[in-house]
Structures are given as C-alpha cells and as structure tokens.
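Chains: A, B, C and D, in written order; residue numbering restarts at 1 for each.
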Amino acid sequence: MNQGAKLKIGIVGGTGYTGVELLRLLVQHPNVELTAVTSRSEAGQDVHALYPNLRGHVDLQFSQPDVDNLSQCDLVFFATPNGVAMKMVPALLKAGVKVIDLAADFRLKDPHAWQEWYGMPHACEDVLEQAVYGLPEVNRALIAQASIVANPGCYPTAVQLGFLPLLEKGLIDPMHLIADAKSGVSGAGREAKLGSLLCEASESFKAYGVGGHRHLPEIKQGLSDAISAPVGLTFIPHLTPMIRGIHATLYGRLDENSLDDLQALFESRFADEPFVDVMPAGSMPETRSVKGSNQCRIAVHVPQGGDTVVVLSVIDNLVKGAAGQAVQNMNIMCGVPESAGLNQVALMP
Amino acid sequence: MNQGAKLKIGIVGGTGYTGVELLRLLVQHPNVELTAVTSRSEAGQDVHALYPNLRGHVDLQFSQPDVDNLSQCDLVFFATPNGVAMKMVPALLKAGVKVIDLAADFRLKDPHAWQEWYGMPHACEDVLEQAVYGLPEVNRALIAQASIVANPGCYPTAVQLGFLPLLEKGLIDPMHLIADAKSGVSGAGREAKLGSLLCEASESFKAYGVGGHRHLPEIKQGLSDAISAPVGLTFIPHLTPMIRGIHATLYGRLDENSLDDLQALFESRFADEPFVDVMPAGSMPETRSVKGSNQCRIAVHVPQGGDTVVVLSVIDNLVKGAAGQAVQNMNIMCGVPESAGLNQVALMP
Amino acid sequence: MNQGAKLKIGIVGGTGYTGVELLRLLVQHPNVELTAVTSRSEAGQDVHALYPNLRGHVDLQFSQPDVDNLSQCDLVFFATPNGVAMKMVPALLKAGVKVIDLAADFRLKDPHAWQEWYGMPHACEDVLEQAVYGLPEVNRALIAQASIVANPGCYPTAVQLGFLPLLEKGLIDPMHLIADAKSGVSGAGREAKLGSLLCEASESFKAYGVGGHRHLPEIKQGLSDAISAPVGLTFIPHLTPMIRGIHATLYGRLDENSLDDLQALFESRFADEPFVDVMPAGSMPETRSVKGSNQCRIAVHVPQGGDTVVVLSVIDNLVKGAAGQAVQNMNIMCGVPESAGLNQVALMP
Amino acid sequence: MNQGAKLKIGIVGGTGYTGVELLRLLVQHPNVELTAVTSRSEAGQDVHALYPNLRGHVDLQFSQPDVDNLSQCDLVFFATPNGVAMKMVPALLKAGVKVIDLAADFRLKDPHAWQEWYGMPHACEDVLEQAVYGLPEVNRALIAQASIVANPGCYPTAVQLGFLPLLEKGLIDPMHLIADAKSGVSGAGREAKLGSLLCEASESFKAYGVGGHRHLPEIKQGLSDAISAPVGLTFIPHLTPMIRGIHATLYGRLDENSLDDLQALFESRFADEPFVDVMPAGSMPETRSVKGSNQCRIAVHVPQGGDTVVVLSVIDNLVKGAAGQAVQNMNIMCGVPESAGLNQVALMP
C-alpha cells in the first residue's frame, strides 16, 4: 500500500462480541480507516450508543449491509452468524474486495462435512475452494496471497497451536489426542440465551458438546493437514465462569523414543512468531495473562516423567481466537506489518 | 446409640472453610449436640462473630484445643492443617473418642510416601495402620468398625468415584488414566494467600500442580487398591473462578472388547448409594447442581463412538469433598442413618 | 391443622427462580405435601429434569395450571409474571383455597396506581381490597386471618425493614428518604434477557430504573401506612455482579432532638422477630451472611456523629425477598410455627 | 520537550496493582522511556516474571529504590504504600526530578489532618505546601507548573467530578451531601488480605469504613476548596464483587430556585475535558464502559421531578482513579499532549 494511505475497512455484523472487539482493535489501528459497520437490526443507530466504550473513538452509524457500499472497501470482515457470509462473499470478491470471515462458512474444506455439522448446504463451493484457513503460524504465505480467508475458531486456534510442534515431529500418537478445553462465556456470543445468563453460568462449571462440537472437525482437519494423515481426537469443551479466555489442556501419548527436549522444540517452532509465546519450562499460563491481547501463551510438561505429554495453551477467545487473529490476517493480506495495531498489553488484574 | 440421645461432637480447627461447613451441617443435624469448637487463634470469641451466617444457630465460643475437654466427646473432627491431627489423635483414641481427620494425615497408608509428599515424618505410624480411608462407596463396612477415619481429599473423591466402575470391571487401560480436574477457589482454604485473591483468581483460569499434586498419590492408592494392581495416572488440577465445586473430566482407553453398556454399569454400581447420582445418558452435570449438597453426580460418555471413555464427575468440594463426607462417615461410624443431616438441596441459582 | 396432617400445597409457575426456590424450601418443610407444580411451557416434564438440584427430592411433573386441580390444595403460591395471578385467584378463593402471590398483582392497594406502574388494568379490584400485604413484621395478625396475601417485593422488604423503626418513632424527615439499593442479578428473573448475560452483567456495576422503579410506589405505600402520612423517597436500584443478595443503604435526616439510642431502638423493635437480626453496633453486614437463608440483617450507624442516619439492610432476594417470606406467610396463614422449614444456615463461603 | 526526545521515567514500588497499571500505560506511551522500576522485595527479578502480561513489552528488572539512580529520571512515580514517598521525595526534588505520588502522602494540605487519618506525622511539611492536588479538571494550570503532584484517590476522583458542577454553581445544599460509592476489589490493593479473597469477596456485597474512610477528608477538602466554604458529606463506600471499577451515586438537595438545565450545566462544565464524558440525558453509565480506559462517565438525574439530584459517576479505579490520571498529570507537567498514551478503548465485554 502507499505510504500514508489507509486501508478502507468494512465490518458486516458489528453488533456481536467479535464485532465490538474488531471495532476496539480497528479504531486504534494506525493503517485503518473504518468505512462501514453494518447491522440489519441496528441500522441508523450510532455505534457508540450500543457500545459506550467506543464513545469518542468512532462516529459511524450502523448501516444496512449493502454490497455496493461495501465494495468501496479494501477489505471486509464478516462477524455474522454462520451461513450469512457465504451468501454475500462472491459478489464482494467479484468487486475486488478482500474478505475475512470470522464465522465458520469457509473453515471446513469439505462442503459435505460443512453441511453435516452446520445443517445447511454450502452456498458457494467454488469460493470455498480458494479460501485459505487463516492460521498464520501455518499458512502465512498463503494468507498473503489470499482474497478470502477463513478465520479459525477460538478452540481450534488454542488446540492446534499446542499440538502442532508435537505432531509435526511425529512425537505423539496422532490417533489418540485429547483436548480438554475451557472457555469463558463470551464464546457463546452476545445472544440472549438462557445458558449464558449470569445466574446460570457463574458459580458453576460444566462440560458441553461432549457428543460432538462443531470445532471438532475443524481441529481434526487442521491437524490432519499438518501431518498428511488422519488424526483421532477426543475434544471436550467446558464452560468456565468468566467473560474472556480459553485454556486448552492437551494430552498426547509420547512415542517410546521421543526423548527430545520438548521445551526447545516448542521454542524453536515458534521462535519467529510474534503472537505465540512459549513460556519458560515449568510455567502454567493463566488466561488473564492474555486478556485483551493477541498472544497465545504455551507451556509444555511431561508430568512425573511419564509417557504422557501435557500442553497448556491459553488465548483470549475474542482476540487471538477471533478479532485479533482477523486483524493479524488483514495485516498479512494487505502488506502492512503483521503486528500493526496488535500490541495491546493484557489487562491485569 | 440410645434413642433420643445425641452424639457429643467436637471440632478441632473450626475457623477454616471445612470447619464452618462442618458447623453448618452439624447445627442442623438431628442426632448431634455440638460440644466444642476449638481454635488457638480465636479462643474465647463467639463462633458467630467470625461466621455471622451462624448467628442464631450456635452459641459456642471457640476454645483452646485441649485433649481433656475433647475427651468428653463421642467423636471429634479435625479440620486442621496437615500435620496437626496426627499429634493429638493417639491421646483421643486412647480416651475412647472416635476421630475423623479431614486433613491428609491418615490418607496415605505408606508413611514414607506421606513424608515424601507432605514434607514431614509421620507422628503415629501405628495409628496410621488402623486408620480407614473414608470413602463410603468403597469402605462402608470398615468405616462402621473404625475408630479413626481418614476423610478423603476433594479431588480424590470426585476422581475415584468416576473411575471405579470402569476399573473394577477391567474395562480400561489402568496404566494410562487421565484426570483433568477443575476446582473452585475454596479448595485453597481460608488463608490470606496472594493467588486466592479475587483480583488474582477471578476472570482467569489456570492449571497448577502439574508436576505433582498431593492428591496424586492418594488417588493412585485408592484406584490401585480397587484393582489390586498398579495404576498410571496423569492428574492435572486447574483453578476455576468460582467459590465451590469440583468438576473432574476423566479419560480412559477402552479395551477392544469392552462393548458393555457403560450407562447400565454405572447405574448398577451406585444403585444403593445415597450420595452418588448417575445422571441419565447424555447428561453433562453442572457443579452448581450439587452446591451445598453432599451429592456426587456422574455421567459417562463415549464421544463419537470411539475408544476413549469420558466420565464427568461433579461434587461440592466442601461437602462431598470434605465436611459432608465427614458427616456421612460420622453417621456410619456412630450407627445413625447414613443420610441423617445430609439432605440439603443444592442452592440454585 | 391436625397433628400430623400435612398442608397440600400448589405452585403456579414453578420454572422461574422464585419457583425453584419455593421448591427448595417446600420439599424440606416438615408440614408440607407438595401437590402440584404447574408450568404451561414445561407441562409433562419432570421437575427435576429442569432443576437437577431437586433430583431425589421431588418426583412431580409440571402440570397445566388448572383451577380444578389446584382446588385440591390448601394453599397455592403464584410465582408467575405480573398480571397472571389476578386472573386465576378469584376462582381459587371461591373454592376455599388460600393464595400467596409472589408477583406484584396485589401489592398496590390503589388499582389506578397499579395500572399506571404495571401498564394494565387490574382484573379483580374486589379481591385486591381484601388482600393483605405480607410483611409479617408489620402485618402478622392480618396475615393470620387472610385468604389472599401479596408477598412483598425484594427491595421493598429490605428497605421497609430498615426505615420502619426510625419512621415509626418520628426520628427522621419522612419527606427526604434516600434508599440506595444494590441487587444481585437473580432479581431480574430467569429470562433470557441481554442485560442479564454473564458477559453483560459481570465485572460491571450500574444503576437502573433511576427515573422510577416499580418498587418505588410499593415502598412509599408501606412506609406511608406506617406513619399515616405521605413520605418522599428517592430510590435508586443498582445491579451488582453476583447471583443472590440485596444490600440497601438507607439515608435519613435526623431531627435535631433525636438523640435517642438508635441501636437500642432497632433491637427493641425487632426483639421478637425470628427473621430480623439487628447486628451489634458498628457492624456492616455482608449479603453472603444471608445467602440461602430467610434472615434480614440490619445495622444502624450515625457516621461522624452527624445528623444523617445510615441503615444497612441485607437480605437474600430469593428468600426473605421472595420465596422464604412466602413460606413464612404460609406458616402464619396456616397455623404452623412461623419458622417451620425456614431454619437454613446461609451458605458461606 | 525536544521533538523526539523521550521522557525518562521511573516507578518506585512497581509491584502493586497501580504499579503494574502504570507499566501497562507507560510501555505503550509514545513519549516515554521507562528507565527504572524499583521494588525492595523483588529486586533483581524480571518485571515480566511477576507480570506475564508484560512479556515482550518490557525488559527491565526490578531494582532497589535508590535516589542516585532515580535522579537520572525526568519524572518519578511513587506507587508505594502511604508514608514511603514523603521520605524520598525531598531528595528527588532537590535533584531536579519531578514527582507524582499515587499514594496519599501529599493529598491533605493540613499535616494535622494527615496525621489524624494516616496515623503518622508528616515527614516533609515544606514539600507538602508546594504539592499540587492532581485533579486536572480543577488544577490544570497549577499542575503544569508543579514539581510535586499528589495524585487523587480513586473515590475522590469519582465523587468530586460528580459534585463539582452543582457546587460551583451553588445549586445544592453543601452541608448535606451524600456519596454512596461502590468499588471493585482491586481498590484494596495486591495484598494477601483475608477480606480480599475470592471466597470472601465474591458473591457478596457490603459497606465498609462507614465510621470514617480516609478518602472522606480528601473529598471534603477538594469540594470545600471549590466553594471556599465548608461542606458536610456522608460518604459510604461499598465493596462490590468485581476487579475494576468505581460507581459513585451522589445525592444532593436542590435549592428551591435551582430550575436550571442540569444536563446543559454538566455538558458545559466538562466541554473541554478530554477525560470526562457527560452521557446523554437519561443515561445510566456502567463501570465496564470505562474498564481499562481513563474516562470518567457521568450522568445527572432528578428522579420523579423532586428536589433531590442524583449524579452517577463511573471510573476505572486503577486508571482515572490512579495510574491513568497519574499519566495525565505527567503529560501536563512535562508538556506533552494531555491525552498522549491514554486513548485506550475500554475492554467490553
């Protein structure tokens, strides 16, 4: 891009938690000019009326999602419910607009799998084929060339980053992976659902989606791609009584001969990654250490010197697990420094 | 006991969270007369001055822990830090007083293991030999005859109850058990520790004790006893931002031939247990469903029809994981109905 | 009632938070036989399927709200949205069934005020006339004779109990009362409302209803009745990030000559009240000291020896502020001991 | 300052919550070079080892607090316990270093009052005389000239900003002000105190310091200065179960003739203030709308058209109530733009 010129950016579906988090990051981004924020239900209203934290930072009103209007943008983020983006994306791509979808529409490469897990046929299989899965730590080069990027899910980001070094080196049994993951309640979105009420979700802890969560096929696809072989995964998500944060506790069976220095392996694998922080040996990262920041912090353990490796991986589900990773992808796609606008220090306490 | 006569009960160390929980349960117990509550630091103060929730329910003052005085009791609970009970218990037993220790002093049968994990030599190995591990679902008959009962730890209760049906039937690989457990902050006790501050522990989630938690040898001992063979266990405890509750997510590798109906197995194993509730197939119990109650609720799953069984086990760490189980043991030891004083409905929401 | 005979009790609208709290209290009440729990939306379902904390305590299914069926009861509680009870109550009264309404239908004596604040005309003004306002500390004798009792709102209970001693003695300016009240989120009910989401209501604090909350006229009516004169009240409710509890901080301007011993006044006023606990001088009661119990704890202060009196009044909004007070009223109406089934110790921590 | 040159900044006492918040703000400040962070207890340790959120943002180690070393700084912040700064500040001022004290040492102009409320004699009354009270909305010009600034307390910031417009115009009775204030637990600091434990402070709400809180004389001094006359204030602080945020609910008796447009008055008073946001009429600001930001959001109400005005004022106690306001003062003292480094958007949700 030209020096000084700013990227014209649009957001479709700016009223949910990933939408407002995108807004928080983009209004402070040095290379971005926010051009449009759409919401069918709130069209005409000041954005800061819905989100008072943005008073003084943004003057836009929500507008109707309109392809003509959005075509003025260099890049458009979709922070919409599953199934919305796939209907609008083809027209935007045709108009030369780059797209990042924060929903699931372009995450599963197999349209049949998509239909099976999301309950509707895919609306644009041709676009699906060209979509790049936006995990920069795996696909940076492809993302840089992409017109349409599928931003990973929150659990898949935390789980894949933790398993990748071990799987890529063939150190663990790929058919018996276990991911015990815990998420704050914001992962359920800004919908008035009974189970997300403070009185239902606080002072309690539970597993959910034990039979099969939509992030299961996404994680398996990513890990399988990394080793060009199938993987077996037991993925148990849990709801934990806090707003933000994912903690993935990952278990793998080490091969008999894998006496490698796992700490060095992880440090080496992520040495050049601006947003993956391998903690010192023996660390147990807290989710609050990434609250509001785009970091993924990882620690690797082999408890009691046994044959089970345990990886602890924490992210802010709304940042590295959604809006922050989307901005990271935008930076890569648009040729601005990958960390631009993403240097927030986690809020602590 | 005589009809109408009440058990004279003492509590040593009544100022911590297990102490006040014992008080909550005992002041409402139909067969109990609370005789003494001791605390070195608070001696002379009204119990209800420290715990206003007990105003109107208890008129005692904290007293000095004194063997002569406590010898008037039929049974004495120790809710003291580790290492205190083992110094006073021999004298009380000699005086004919039954004892239930809620700390760890009598949990590990091997005194060397005790010294290794708790950092001090055991003070009364002879008493240790006669102590009964107070998990009624395993040792009910022995408890009924015991003079000294070691009340199980909170994690060990939730984890053992979940694994036992599978191990007893030989359905899973005993050398590769995984227990991913999450506890509310009250498990850390009523001590002014930095890590237990609201500003440190709320809005965050973390693992701790990954290298080796003191409940690891206790769980292994219990499971090993159940199958008369060694077990291998990876036990990862986590701190979750709530006051009460433990959620254990247990993973085991099913043997190839174990096509049993696991739901029926669990229901059968606990059919006569008043405080283990096997939930309907497909359930995912919430910790709040047992908040303030002595129930352990369990569900068993085989996700995606694979070879990994997942057991979800929830308790209130202060009730079934401490004070409630202690009262259950008292009932068994003293010949009153096992459920007496333990029919509280969980507080919800 | 006959010795041994149990009261046949029905609950209309048993799915909300006051409904489940009524169930928690009634299944443990020694004089109650739970006969019917109705819910249009959940009819046919096991009560314990909706509320797993009741597993093992109740075997009923939700049934359709049906006057014939409910007429078998000695007393029926309405835990329904505002405006429902007033349509069914006349028929039940005619059938000789006593009624306690936990909603607002019978709280305001003036039907025009009711219409103004609740947005609908009153459906049975004649019944409204005979309804007794169920604050036992004021109306015990009337409640004992009543067929229909209007159970007070949560804020009105905490606020009136705190102001009454001062107003009854004419010690403060009745035209400039200030009640700054804080409620846990369960006060908003078990409805899927955006503002009650954990992600909206936790880690935040706000005032609401500043312009005029429905409990304002109820409080003014009660206080005005107590002094047979109008009162002026500024009532500001706030939402505080917890599940249960109300803390009312009450401010009054002392008359110049009111050098009375306010501590003694409060102790004397509530000396015979089983559920009002005047704390020792200098106390600052915590809401958790009444969590799950029917107590109202009160402290009175005159900070810095000035002319402003400050009363601190705490209740559990679901117990003394709703279901517990309703059971207390039931006990009074039905001639069983007033404290029967209401001796729960607050859950702490 | 020279274009491009950065301010050399030191922090004495960088381990508490205001210390780490200062670090969060200063590592992102465009005009600041962090030179020294001292801590007696942590000297030699990496700052990011104590605060992992700072990994990648700061490379300093904690050092011993040493006047020689700190004299290299342009400005030094004291984030120390009360009574520490007053012993070191004279030497630093003599060395030409500007100082901002975030503790209370220089807040009360009357050294006798200081001794009375803080329990120790003041160590440098001459410096106290020249210290400027750092509320920019009142003292901006004086702050710009000051060498030593007393950073206001958290409650005093929220309360004074809310009362000032009314008092300055003489619209309310200054002798009967009421401030009902609620604070998150971080206001109690990062000390291992029993009352700050999650299990003590969450799921509960209470008043504290009713007899007299140290912020009472500070608020009275500030308001009294504003009207050059004494004020009477009842100030009741409360502890609310969240980490960050203060909500002050302020009550004043309007004079009979004060029919002014209070909304316009507030908007006009703060029209040029970058960090006071007067909300639209009818608003009820949430503390979370300022979480992590330096804004104070204010709304003014006259409920039910009565003669009591109610002002709602929210801040983040660690930002506008401490570290953020300190940075704002630094900017003013050092001639950099007042908003530099302070444009964070509040984290929501």
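Everything that follows uses one rule, which is that contacts are C-beta pairs under 8 Å (C-beta built on N, C-alpha and C of every residue); 3 or more make two chains touch, one makes a residue touch a chain.
Small disclaimer: the values here were computed from a predicted structure and weren't measured.
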Tell me which chain's centre, taken as the mean of its C-alpha atoms, is farthest from subunit D. B
Nearest whole angstrom, what separates the Cα centre of subunit A from the Cα centre of subunit C? 46
With centres defined as the mean C-alpha position, give me the subunit B-subunit C separation in Å. 36
Each of the following residues of subunit C touches two or more other chains, namely 17, 186, 190, 199-200, 202-203, 241-244, 285-286, 288, 291, 349
Viewed as a graph of touching chains, is the assembly arranged as a line, ring, star, complete set, or other? complete
Once bound in the complex, which stretches of subunit B touch subunit A? 176, 178, 180, 182, 184, 199-200, 202-208, 210-212, 216, 232, 234-236, 238, 240-245, 247, 249, 251, 253, 282, 284-288, 291, 301, 303-304, 306, 308, 310, 312, 314, 349
For subunit B, which residues count as touching subunit D in their complex? 17, 185-186, 190, 192-194, 196-203, 241-243
Provide the residue numbers of subunit A that touch subunit D in the complex, in ascending order. 17, 20, 24, 27-28, 51-57, 186, 190, 203, 243-244, 277, 279, 285-286, 288-293, 295, 297, 343-349
